[in-house]
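In the two complexes below, chain A is the common chain; its partner is chain B in one and chain C in the other.
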Partner chain A sequence: MAAPALILFGVFAIVPLFGVAALSFVHWDGLGAITWAGFDNWTDAASDPVSRNALWLTVKLTVLCVLFQAPVSLLLGVFLAGRQRYRALLATLFFLPLLFSSAAVAITFTALLDPNFGAGSALDLPLLAQNWLGDPQLALYVVVFVIGWCFIPFHTLIYQAGTRQIPRELYEASRMDGAGPVQQFFHITLPMLKYTIVTSTTLMTVGSLTYFDLIFVLTGGGPGNATRVLPLDMYLTGFRSYDMGRASVLALVLVIVGLAVSLGLNRITGASRMESQSEGS
Partner chain B sequence: MKLGTRRRSLLALGAVAPVAAALGACGNQPGGPSGDGATAWGLTGGAEEAMRASFEAWNEANPDDQITAEYFANDAYKEKIRTAIGSGNAPTLVFGWAGATLADYVANDQVVDVTESTSALTERLLPSVAQVGMVDGKVYAVPNNQSQPVVLYHNNEVLEAAGTQVPTTWSELLAAVEALKGADVIPIALAGQSVWPELMWISYLADRVGGEAAFQRVLDGEAGAWSHPDMLRAAQMITELVDAGAFGDGFASVVADAGADHALVSTGKAGMILQGSWIYPEFLTNAPDLVAGGNLLFSTFPVVEDGAGDPTSIVGNPANYWSITASASEADQGTAADYLSEAVYDEEHIDSLLAIGAVPPVAGLEDRIAQEDDPAFLDFTYAMVRDAAHFELSWDQAIPADQAQELLNNLSRLFLGEITAEEFAEAMDATL
Partner chain C sequence: MALQRNEHRPNVVGAAFAWLWLAVIILPIYYIFITSLRPREDYYAENPLSWPANPTLTAYQRVLENDFLRFFANSVVVTAASVAVTLAVSVMAAYVVVRSRDGFGRNLFRVALLGIAIPIQAAIIPVYYLIVQLGLYDTLAALILPSIAFSIPLTLLILTSFLREIPESLFESMRMDGATEWRILLRLVVPLARPALATVGVYQALQVWNGFLFPLVLTQSAETRVLPLSLWSFQGQFGVDVPAVLAAVVLSILPMLAAYILARRQLVSGLTAGFGK
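Entry: the complex of A and B
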């Protein structure tokens, strides 16, 4: 039964993974001869300040993304789980970014954030006419914001569905005991959403670790190296510098970190034990 | 702009593995994609129209030796062509920029020597442009479109309002920057987010300070080439310009692909811009009144007073080039060579290039240019290329890709003020 899925996974995930692992031990510029490199690529990558900075930026980006996206999408999701008609209307609006391709979003934001012709100068608001993507101190936060803008709708959707699964009886019972909305949120909604939170946070974390296209189009890793996160560093090393060996090392680092983080998250939060959350269990 | 995705790049990274294995096993066998006739891969945009017309005319005249052309976006093409050549699946005619990539192809025997088969064409070319297609004295690539020198453009309305004029020397340039700043405009528009426009500045400055030799030392891989006093001085001049506020505060947010840099000049928000000749048509579209009123001026890069450089030397793209792949069949190689010597820059091709404002690097075009509707700019760039003591290929094309990436990276940090000229030189010396 599982054969088709296993074959697909094997051909498109496992085999290339071994290919990349093999490439990480050779020197190859994509054109000339392939020469054995031993651990050269690994030691070079470990001592390269650009790659080390990229790893640090990736961690920073991931943490910031989770800190920004998780609370906002949780609150929005719980809010949109209500059945009122105006909420349905708002939900439709909130989910619009889900429909846009990230390249289009990035190009649009580049134009909006342009200090000379962007929203700031069009609306004559000097506060908005900052050097958003050109200031190394600001650029990463702008990237976090734009990624959030793209992905909060998706996580909101997950939270909305999660919240709607919570049995109404729990709320009715608590209301009889005199609980207000705030108490209900902290004592019913939040605990009942435990596994939704785990799922959504894992997706956010792993997603941010490997996030590429939007940053590539939005900043290209700049200004300087301010937003050159690991996936981007991998791409630029492989397909701009044509150093396939080094790029493979970075790819493997990403695989290892991504696996470790998602397994770790599962273990810490106990999701792997998959206890039942239904009433009466 | 390449709109890549993470997944695609990961897959591509995985996909090269079997290719690598195949290459390692059997080397480069000739005659990969053969038997189906000659093929060519070109670029979309730019002079695509003229190239399409040229192939169509060739195919009509030579029904038995057809050339099938496909067109790709710039960045996507650059990645595709390398894997294609490495795996023996390249088209017969390979579009390129010459420089280090061509030298790489030659070193790996991927392209053929066309010195004899294209001599009829190369004799008619401007020498500074033909030169770039040669490796070790042999022709491996011939130009296929227009010369693209880098030009300093000025919005004369802005310059006049600030009480200054087109600078011809370094000190005049600094004075103009001060005057323009005083008039509350950005003195010089620069697309810092794209980084490559920053290369134009350091290339010209290094050339004006130290002449051709300054960058030749880098090309030769001489130790300490980047910390040579001339190169160091050029890097210091960059810092001097940035510190003087020559590029405004927000240059690192400006993107060249969207044309946000020359838009600053057409809208009068900036006084000057150093950019390739390929942006001229944009001014015609975006600021027709400025051009018609004679207020869009263009000039060569200012002279550095005590510098060793020849003031006629230019930087940019001498042209794009065709090479013939070694893995193509004999018959296809023959078709391609015939096309190069007979059809490239024939009367029709030259006409279709001139019609889109592109000047082909062919000798003796003065009279034909004079007949065009708007000859001033064509005439200016043609004379610039014809009379150039030296036409320096864009640095990112001239040096190997890994060094070029380091250069773009360190240069953007120099412009941002994150590193000093000395640190820039030191970091770049480490790449030699």
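Entry: the complex of A and C
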């Protein structure tokens, strides 16, 4: 009875994972013959300034995404854990970005951030009417913001669920002891959310490593190579420059970095406890 | 911030921030909606955030005249087929995991746990190779098969943890009555698992409906184009006709909005159970 699931999953997910390792040692343009390449793709990718820059950009994007999303989601999630009715309404509205496809979000922000016809000109604020997506200095930050727009709702949900699991008595006891709201936040809420923070941050990190569709439609990796992160570099190398071998190297780097990060984060913070915590939330 | 439970002391910082974030969320959505109603010729003249002076549905008309319904139908077929097959094969596998007495079930569960960690991006090149070799390139099946494969691990995990809650005695009494495994699956497991199937089904439908990378790599022609890809090609095709592009965005989101209104609880719990991906 398990056979259909095993076959489908095996053929289209497990086999490709080994396939990508094999393809990293061949030359293939996506259509023609496949020829043995040895370690050529690996050495080429390692010395390619574009790919090295892509790796650096990916690290930068990931760090910026976590720095932006984590505090905002934490703050919103803790707030929305309250039971007041208007907070439930807010939670309903906060969820909306999760319904949009990345393509839809990217198209919307392209129009909204247009220097001549976008929101900047509407509000008549020169500061907002910059060429957001055309300026290599700004584009990456715009990408970070738009990714945040898409995924903060999701992480807010995780924090909301985590906060609701904190026993109420802890707050009541600390109030008896005369603790104020700020003290309570730092001495009860934050420590109690430790495993939620780990889960959410791991997901943010691994997610940031693999963001593709949004950046692809929003900037296509540009201007220049200013937002050409690793997944984009992989796609463009494989399906635009028809160098599947080199692209497979980049895909493998992606898998390895992703696995290393999630294993590392779990190791540092205690994985088994985290799993049982996340199941409940 | 810490006072979310102490209703008598308002959480001012949290509230201020929440309302600010609400504005950040709503502004783009409001912008999509009003711009889709703006006449093309007014787009460059009117204030982009103002309510259109002459609201019109002609942008929607232009979108519908450009094969939008075909792309919509393609998305419906791909999503429905992917979710139906995913649920069917996963509930079968979950039943095996829950009922198996040997290590097979446990190993199957472990494979699923590992499978969740495989990013689509990493497997896309071999998947492309496979689809070309199978002669499926540029067909809807090319989208359905890998979508199912990448939906199975999470679906299996959620269904397994749900099925573990079914009391052993129910299985036993059916077996005493001489029921076959298939009969138990259809008469006992599927009806009991209905809430979990709904949750994970709605969640996977959202994922497949909004998926972009598989369509981008595995299809090419307008005959097989699905919605997210059509939005991207509309952007290229309509170019300066921003109201039409955003009207297409509105139309593409409608089914998911309807699902959210009808099955909000399923969607939200599916997302937290699924933890991203």
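To be clear about the criterion, the second predicted complex is superposed on the first by the 258 of 281 C-alpha atoms of A that agree within 3 Å, B and C clash if a C-alpha of one lies under 4 Å from a C-alpha of the other, contacts with A are read in each partner's own complex, and residues count from 1 in each chain.
The rule is short, and it goes like this: a contact is a pair of C-beta atoms (placed from the backbone, for glycine too) under 8 Å apart; a residue touches a chain by one contact, two chains touch by 3 or more.
Just so it is clear, the structure is predicted and the values come from calculations on it, not from any experiment.
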(Q) Once chain A of both complexes is superposed, is A:79 in touch with chain B (first), chain C (second), both, or neither? (A) second
Q: Determine, under the contact definition given at the top, whether A:219 touches first (chain B), second (chain C), both, or neither.
A: first
Q. Now for A:159: first (chain B), second (chain C), both, or neither, which partner does it touch?
A. neither
(Q) Quick one: is A:32 in contact with chain B, with chain C, with both, or with neither? Answer first, second, both or neither. (A) first
(Q) Going by the contact rule set out at the top, does A:68 touch chain B (first), chain C (second), both, or neither? (A) neither
**Q.** Partner chain(s) touched by A:90 [first = chain B, second = chain C, both, neither]
**A.** second
Q: Classify the contacts of A:42 with the two partner chains as first (chain B alone), second (chain C alone), both, or neither.
A: neither
Q) Looking at chain A, does chain B or chain C touch a larger number of its residues? A) C
Q) Taking the contacts chain A makes with chain B in one complex and with chain C in the other, which residues are shared? A) 12, 15-17, 19-20, 23, 30, 103, 107, 110-111, 117, 210, 212-213, 216-217, 231, 234-235, 238-239, 244, 247-248, 251
Q) In the complex of these two chains, what residues of chain A are touching chain B? A) 12, 15-20, 22-23, 26, 28-32, 34, 50, 103, 107, 110-111, 113-117, 131-136, 210-213, 216-217, 219-220, 222-225, 231, 234-244, 247-248, 251
(Q) With touch defined as at the start, can you tell me which chain A residues reach chain C in the complex? (A) 1-2, 4-6, 8-9, 11-17, 19-20, 23, 30, 72, 75-76, 78-84, 87, 90, 92-105, 107-112, 117-119, 121-123, 149, 152-154, 157-158, 161, 163, 168, 171, 175, 181-186, 188-189, 199, 203, 206-207, 209-210, 212-213, 216-217, 231, 234-235, 238-239, 244, 247-248, 251-252, 254-255, 258-259, 262, 278-279, 281
**Q.** Interfacial residue positions of chain B with respect to chain A in the complex
**A.** 1, 3-6, 9-18, 20, 23-24, 79, 82-83, 85-86, 104-105, 107-108, 110, 186, 192-195, 249-255, 258, 260, 263-264, 269, 401-402, 404-406, 409, 412-413, 416, 418
Q) Inside the complex, what are the residues of chain C that reach chain A? A) 1-7, 9, 11, 13-15, 17-18, 21-22, 24-29, 31-32, 35, 43-44, 47-50, 85, 88-90, 92-93, 95-97, 104, 108, 111, 115, 117-130, 145-146, 148-150, 152-153, 156, 161, 181-182, 185, 206, 209-213, 216-217, 227-229, 231-232, 235, 242, 245-246, 249, 252-253, 256-257, 260, 264, 267-268, 271-272, 275-276
